[in-house]
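These are the structures in question, set out in turn.
Shared between the two complexes below is chain A, which has chain B as its partner in the first and chain C in the second.
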Partner chain A sequence: MRRAVGLPWQMLRGAVALTYLFIFTPIVITALVSFNSINQSKFPPVGFSMRWWDDALSERWLQPLWFSVQLATLTAVIATLLGLPLAFGLTRYKFPGRNILVALSLGPLALPALVTGIGILQFFQTAGLAALFGFPALLIGHVVICLPFSVRTIAISLRAMPAKVEQAAANLGARPARVFLEITLPLIRSGLFAGAIFCFIQSFTDYSVSLFLSRAGMQPISIAILSYIDYGFTPTLAAVAVLTLVVPLVLIAAVQHFFGIGDFLYGARDSG
Partner chain B sequence: MERATVDEPAVAVSGVRKTYGEVAAVDGIDFEVRPGEFLTLLGPSGCGKTTTLNIIAGFIQPDRGSIRLNGQSVEALPPFRRDIGLVFQDYALFPHMSVGQNVAFGLRMRGVPKPEIAQRVEEALELVRLGGRAERKPTELSGGQRQRVALARALVIRPTVLLLDEPLSNLDLKLREEMRLEITTLQRRLGITTVLVTHDQGEALVVSDRIAVMRNGRIEQLGNAEAVYERPATHFVAEFIGTMNFVRGQAMRVSAEGSCIVGFDDHGVAVAAPQPVAGSREVEIAFRPERAALRTAGAAREPTQLAVPGTVRRRVYLGTLVQSHVETVHGRTIIVETVNDGIRQPPNIGEAVEVIVKGSDCIAYPVS
Partner chain C sequence: MSVAALASRPSRTIIAWRPILLVGVPAAFLLFCFVLPNAFLLTSSAFKSESQVLTNQLTTENYGFLLGRAVYRGAILRTFLIGALVGLLVVVLSYPLAFFLARTRSRWKGALIALSLSPLLASVVVRTYGWWVLLNREGAVNDLLRATGITSQSLPLLPSVGAIVIGLTHSLLPYGVLTILSSLNGVNPSFEKAAMSLGANRIRTFFEVTLPLSLPGIVGAFVIAFTLSISAYATPAILGGPSTATMATLIYDFMTSLADWALGSAMGALLIVSSMVLLVIGAVLGSKREAL
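Take a look at the complex of A and B:
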């Protein structure tokens, strides 16, 4: 690799530093605000207190947080399980209705999530499925908006697979199922995990679909925060915001550590 | 799979045809590969050679025709039940497996017991001179080494037939020549029936027992290296294999079968004509650069010789040979090779000469 010297590199570094500054400053301010000793979100914080963190770590906030984690995890799993055969069919086969399937599986990406949310709400109501509001409806809604992410990432990794390895396996005597399990699946693994991570984050941070599909006691953390913000941005909320930030970060770090999604995002370490 | 009887071909392809829309990729071909034989499917890209290979391997279903391996029909068998070793052009090694695991894969799929797998993998790697490299990842190997892993992976299953799909085209020249030799040595030593697909006629001449020259989905000629080089059956084969000179002449009289008298300028000679030519029609007269000679214009001509007047335009020095490029009065270029033996002196550029070639070294093809 070339040594990073010269004006263009200095400018790139500057740009990167600015970007990070822009991203991290509000987060740091939010984090600091949560340590205010008064019930106002002052910055710099007035005094130092942990009581807002006691609030944030109470059942009132941990319950929706845990709800969101469960919802996002299940959404990621289901979207990946649905996305895999979809991506497989779309990349490998030409069949009538393929374009419709492409449009259907990528559509939610183009549609504002708010519209999707209203659509699902109306559908459940007219179909007499109002009983599903809460976790089941949220799960369905989130899978719908997450599917494009899993289909896209899995399709990309299927296309990036080295050519002919599946034929080579078949030639060596592997039945289609064995080819899939021993060759295809390991080679698209990082794409699967990357897709699942995208889905988890999409679900975890969503509020526009969740807004319509939640019910009392079955609220994701985003909706809980949104309803609470009516009382103003209190230091408690700042602490909760930091908490919600930590969950996906820890998850990404863990998956990256064990499964290496960076391979997928920034070019594979060990192919080719 | 049953053992082949002595006379049974290891591979028999008959009447195979495969069309894509209007285009016939393979347009009715027949050939047999004898046990232990090295047969090459040679032709330019798009001639149907790779399609043929994929049909034998079972990746493409032919529209018509049959494939028999050791006498058993395999058209109905999926690729994973055909017992064929295939080396892909880009090797298609499994990147997530070590060299050893790559080679073991076929044995594992066949349910070979573990201790035997370990032993056979080691033997196979020794065979391709990669002993002790089993733990490496394919990415840690050079192109030539990957090629040898692919070869070991295909050979370890002891297949009925070994198929090689342009296996050397990704290697640089020196390595290609090395591997060429290695593959043929290995093939002879193991006595394994082999079908090679290549567009490289030089490669085909060196490695094959027999060559099937293909064009537009058909086999134009099937024969050993000498036959396709010395007696090309069609104009295409003549042009495709080696360097060939062509001059336009006229068929004057069709004499015995397979030969005719051709007229060129003011004289006529008897030449071979593998394809039927009609009397008083134009023909292309073909001859090799090493069979022609040069002499100063105007000298007397032997009755059995063809004499083509022209002017020397270029000299190409090749070390053991010197090529003279002669432009004929009709604007064609003829290449004449002179052995650089210090006796014969190639003419100078600009000199008026006559290219002399014996009629028995010429072949006439109908003008298409």
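Take a look at the complex of A and C:
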């Protein structure tokens, strides 16, 4: 293709710049109103104050934030532990009912999460499992909506790795369990981490399922923010909102630094 | 059956059991925690309920109630209007961005792609509050309008369907970019080269070659934005009000303050059916991709 310059391309660049502006304006504004000196989310901010940040960093908000981190971490771990055998079974074996299981494992993605939430709410309530509401029910609900991400990401890794490597190891006499642990698992490592991160973020930012499965004192941060809605959007909430952005950013930076998921996310396939 | 016959079979039996052992636990989990609750919801939507307790009387009353009252019918229509508008806006806004990201030779390409998807890291709740700050009665837009003398009084920009559409478009834009970008990446560049070498200019090449070839991405982005919009709760809850109730906010009201689970379930079932219809339409119009 010819080098893309000229008027149409310049206009496109202008449109792109405006789109980025549209994407980031509300987020930047949210961050800025947290520095208001008055207890009103004014933009541009009136004066400058850090006191709303003191509020945001108090127990009242740190408790649900920490709750969300724990919930998202455990969700990512369990969704990966369930997603790995599921993806392995679906990609490596043909068996009756396989197609149904494929549809089933992607199902939570196709149905509205909100409906899954009220389904679990009613089912647990009726089945006499109301004691589960709070952390256990939230964990179950989050694993359900995260499983498609986990299965899909791991299945992509399993399909991308050369199948001959597993065969070679088996031909050399390694038992299936050993082939899996010593050949397959190391090769799909980046896919496993990427899937777990998708799950963490999906869980951390979810509100649709959490809306119906929380209970007092056991609320994720998104629900804690949402249930504050009647008091309006105070600068404290703006500060809390920025705090919730920091968690996934730190997580991605840390995992990228220690384990390297970049090759998965950018689709580079090193078949080494 | 003789012992010898049994002895000759184990190896086969083990092979057949391995996938079952692998997928057994996850499948049971999905069955118990996803299929059963949804089946329960569909069932309870067809039963009469008396103050949160379901009776065993089959009825279509719940659906009749929702579709018969003007206020609920209005909310359902409003939900679909919002979904269609958001789908359209997401496609219109994300296509140029995705096209730029697919074609740019900037060394910042990777960073620009990451940047366009980064809002997904923030909860919709967080991203919607920015719009509330801008659009509320004492918000920045009204301040600006008054300061410049365009209006003398604050405009009631909230709650409104328009604000909900803007908020949802903003939160769903990354999905549109992702879908259209992957579709554009799949367009074979030699078709574009062929068109240009036959004398078509870049604009004609785009409209007659690139755009039609990326149609599955456009359909996909529209369907994703549509389905996620109609089941979104936070945005209509923050930027809307009782006058702009949607299916999702009604479900929340039915399930919590009104405590009418049968109606909530019926509305949820309508939401499931709508999503399914949209996904099927999308699958028929768009390309068929391998799911796993």
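What we mean here is this: the second predicted complex is superposed on the first by the 246 of 272 C-alpha atoms of A that agree within 3 Å, B and C clash if a C-alpha of one lies under 4 Å from a C-alpha of the other, contacts with A are read in each partner's own complex, and residues count from 1 in each chain.
Note that in this section a residue touches a chain if its C-beta (ideal position, glycine included) is under 8 Å from a C-beta of that chain, and two chains touch if they have at least 3 such contacts.
Keep in mind that what you see is a predicted model, and the values were worked out from it rather than measured.
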item	value
Chain A as common anchor, with chain B and chain C clashing or fitting	fit
Touching partner for A:L249 - first (chain B), second (chain C), both, neither	second
First, second, both or neither for A:L101, with chain B first and chain C second	second
First (chain B), second (chain C), both or neither touched by A:L62	neither
Contacts of A:L187 with chain B and chain C, given as first, second, both or neither	first
Touching partner for A:L74 - first (chain B), second (chain C), both, neither	neither
Which partner reaches more residues of chain A (counting touched residues only), chain B or chain C	C
Apex chain A: angle to the C-alpha centres of chain B and chain C, given in degrees as a multiple of 10	90
Contacts of A:A160 with chain B and chain C, given as first, second, both or neither	neither
Chain B versus chain C as contact partner of A:L172, first or second or both or neither	first
Minimal inter-chain CA distance - chain C and chain B, angstrom	9
Overlapping contact positions on chain A, where the chain C interface meets the chain B interface	176
Residues of chain A touching chain B in the complex	162-165, 167-176, 178, 182-183, 186-187, 270-272
Chain C-touching residues of chain A, taken from the complex the two chains share	1-2, 4, 6, 8, 12-13, 15-16, 19-20, 22-30, 33, 40-44, 82-83, 85-93, 95, 101-108, 110-116, 118-124, 126, 140-141, 143-144, 147, 151-152, 155, 176, 201, 204-208, 211-212, 221-222, 225-226, 229, 233, 237-238, 241, 244-245, 248-249, 252, 266
List of chain C residues in touch with chain A within their complex	16, 18-20, 22-23, 25-27, 29-31, 33-38, 40-41, 44, 54, 93-94, 96-97, 99-100, 103-105, 110, 115-116, 119-134, 136, 138-140, 170, 173, 189, 192-193, 196, 202-203, 227, 230-231, 233-234, 237-238, 248, 251-252, 255, 261, 264-265, 268-269, 271-272, 275-276, 279, 291-292
Touching residues on chain B, where the partner in the complex is chain A	57, 59, 78-86, 88, 90, 92-96, 105-106, 109-110, 137, 139, 153, 157
